[in-house]
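Next up: some structures, all given as structure tokens.
Paired with chain B in one complex and with chain C in the other, chain A is shared by the two complexes that follow.
And now, the complex of A and B:
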């Protein structure tokens, strides 16, 4: 009692700053105690959650396998299957269990094919999981919408086209990305029509993902890319150029040549690369005339094109660049010269006393 | 001490110490708050990303992993194998043998079937010359591997050689003994590819401590919490720095440091600014500051990204001698960089870099140990002259200690809610224990190393890197 009295008196007699310090100390002590208890609870909770997840996964996997093999020829859905549907439907009401159920369904769906995969797809409808996913599309939080679209894509729910496409120009790139992946995964090249209306940038990451999906498709007819090459959205043009390269769209040659004078350097660089790949000689002649006005990156890209499309007539042009300040251009110019006129190339060794230049010439001669 | 002028000066000192401590605590709290927001946002954005699609794509940009090695014969073969096991498709591994005095090169030649090749180097950044030359493997399984054997020039010089050799768009500069997770490159490249409104010039990753972890076939097999307090203290310190500090700076776009152990850079810009500075021991921080300054001077909109996922695991010092040597170097690196780029500090032309990042680093990283050391000395003098107001001292010391513990606990909870790496039963109590002990087991040595670092910077200019003896990670 005396100690308590002493502490109270000490506190009351202390200057304000010390009183404030002790109050903050008290506050921190309570917070620390709370954090210790929370940390203990959290670690226990995470461990428990992990083991419950595993248990539910096993339960749902067993139920799903029973469901798949419990069908008979007389009824569309057997009573045993109906019982499983009811069980899963009931479980799906809880977000935690729903998440596990979806993961198990997806795992199974990816492991099997044919009629059995179709049954899983039907089960997605029968358990009303599809409704939960569709309801997410109108949620106000972006990450809920993105996850909803992703799930609909994974279960290939084509009926969700309209509520998904409205997110075409969603302010969050993550939602737009999921929308784009949904379109291309489910509707292939036709799904790319979203590019007609896309007002926001299509990132390089998005483009790579879309191209990866498209390249896995077999016997698909590529859409007409001309309108995308003329898009007001530069990222759409760049994407269309990548498509032109992958799918050898030589018929779009004239539109691509126009892009050599596009205001955006990235578009011009991509156009040079595609025209080089498509072996469009006209482009080389155009680029040779205004090379000096172009950026260093473009000049290097043009030389890579000439390396690919060189002709004997290019010798005089090439000779102007064998001592270029840009290392890459100098190398390519010398390589082309070696191929066009070996004698002249060899004579360079006696004409120059610059060690670094001779080192390059020797390297190119030997490789 | 009865002179009123002296009394006023002493009082002024007290207020300065008090204001400094108060602003340090406030800044840590603000940073922690911002970090939590950024971490939640990052997790939401990336929880359902499919990295497999990007890693198999031919359209994915090229990356060179550049790893300098100096006298790493003990683990070099395993380390290279680990670097070659990344899942990304479009990458190569450039090992710079920086004049090693041991048999590193011979071991690599033997195991990876290396032969000398003719290679034209674009010497955009001056470096020490080649020693034995450049090697590639005759075995197609190791076609991604390039070994460069050069004269010793230090880590920065070796990295510059890697920049000259690389033909890729991006370079991942790492320590050769680091263990990268298999999907680390596709995770690190993401910000460069997904950002459309600005140029991402560099990305830094979290460094995790691999002491006591089990490595199998060059891959992280089992995460364990080490037994030594010095190692445990560093784990807590790294979690605090990476999850609560750098995450916030990333949000503010004010990140000044990308750890030299693992960082991804836009090669063109890294070369344009002249590559790594060979005259500093803090070459990792210095390059980032220089790249940022360059972008600011060019009036370009840019970003230095930060990835909180535990992608890179490294061995941390397990004894105080090496620990002090490492922290001494870090201190000198910070002083050198801030001094070299002093024109940035408090300069509105450099926006966040000049008005927020630089001042923060100057006051709370560069000056903090100095002020703390002076504070301790001053406290000692007060004790000697029997001038200590023990009621004040006692309360303030308890407050400082509790704040440290509180901040560590926030870091531990963030770790549990996000990456939850130390799952094993019993580790929780050890994490709590180190949160309470760390101010006594590691902090005094950090302070001592910082004082030595300051001394060496001003009075022992010849001191360079110091030693870092590797034991090698625990193999299964």
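And now, the complex of A and C:
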């Protein structure tokens, strides 16, 4: 009691700053104690949840294995399989259990092919999990929609084409990305028809992902890309140009040549690169006539094209650029000249007295 | 079951290992399951199996290290079938260099696996 009294007196007699400090210490101590108790509760809760998850996982794994091998030749679905379907269907009513069940199904589906994979797909229908995924597509939250589309893609539910493509121009890029991956994973090149209606930008990352999937396909017969080359969406044009390059779409060269005059510089640059790759000589002649009107980047791209597609007739054109202000153009022009007419290239050394120019010529001559 | 040929299956996907265990045991083989490379080596040393099925990518000790251990340390000629995923072609070639007998790419067909196992153990 005396100690308590002493502490009270000590506090009351202390200066205000000391009193304030003690109050702050007291408050922080309560806060820290509260946090420790909360973390203890949280850890216990997470551990409990984890052990419940593991228990359900094991239950569903065992049920799935039994389902896969409980069939017989007489019935389409044996009574044992039907009991498992009923058990899983019942479990799927709870979102927590449904999540575990889907994870278990996917865990095996991704690793297996043939009859077993088909059985898992059938089970996905029979347990009505497909209906839950489809219902997510009309949810008001974007991430629920995105997850729904991803699940339908993972289980290869082609019947969901119409409700999925509705999200073609969804305001969230995550939803659009899932929609695009669904289309290409399930319908391959035909799935790219969503590009006809795409109004939102197709990001560089989206394009890489789509190309990666397409390149893994056994059937490499690409659909007609000309309509995408004429799209009002610039990102679609750039993607179509990438397709033209990867799949050597020389039949689309006229449409690509048209793009040399596109309003977007990025499209023009990409078109020059693709035409160079496809060895379209007509494009070179067009670009030579209006080179001065083009940006520096385009001029450099054109010279890279000429370096790839040069002919002897290009000499007079090239000669005009061997002293160009742009270093890259000067270098490429000299390189081309060396290949077209080595004698003339060597004569440059005696004709010029500019030290830096001569250094460039000497370097190109020796490399 | 005592006369059954022994197979060690090394696979970190519990679902897949359960499925293959079920399938192969139905065919009359005796299965020992490991979910990592370290346990695989222990099971091989303990049971001296007639066949080893191993995934290439596993925690702690990889499938390649398992093959190397079997061929170079234990000096066993036990057939080894490796499971690989798409894009692991270079690792599969390494596995063959180390002494793998056969490979199957994932997603794999259990029926095809049974045929290969039968062929290797016939």
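Convention: the second predicted complex is superposed on the first by the 278 of 367 C-alpha atoms of A that agree within 3 Å, B and C clash if a C-alpha of one lies under 4 Å from a C-alpha of the other, contacts with A are read in each partner's own complex, and residues count from 1 in each chain.
Definition applied: a residue touches a chain if its C-beta (ideal position, glycine included) is under 8 Å from a C-beta of that chain, and two chains touch if they have at least 3 such contacts.
Source: prediction; values computed, not measured.
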item	value
Contacts of A:358 with chain B and chain C, given as first, second, both or neither	neither
First (chain B), second (chain C), both or neither touched by A:36	first
Per-residue contact with chain A, leading partner among chain C and chain B	B
Which of chain B and chain C A:111 touches, first, second, both or neither	second
Partner chain in contact with A:68 - chain B first, chain C second, else both or neither	second
Partner chain in contact with A:83 - chain B first, chain C second, else both or neither	neither
Touching residues on chain A, where the partner in the complex is chain C	61-62, 64-65, 68-69, 104, 107-108, 110-117, 216
Footprint of chain A on chain B - complex, ascending	44-45, 48, 50, 53-54, 56-57, 59-61, 118, 120, 122, 124, 190, 192-197, 391-392, 395-396, 398-399, 402-403, 405-406, 409-410, 412-413, 416-417, 420, 423, 425, 428, 431-432
Parts of chain C lying in touch with chain A, wherever the complex brings them together	13-16, 18-19, 22-23, 26, 86, 106-112
Residue ranges of chain A in contact with chain B within the complex	10, 14, 17-18, 21-22, 24-25, 28-29, 31-32, 35-36, 38-40, 42-43, 46-47, 143, 146-147, 150, 173-174, 201, 203-209, 211-213, 235, 242, 327-328, 331, 359-360, 363, 366-367
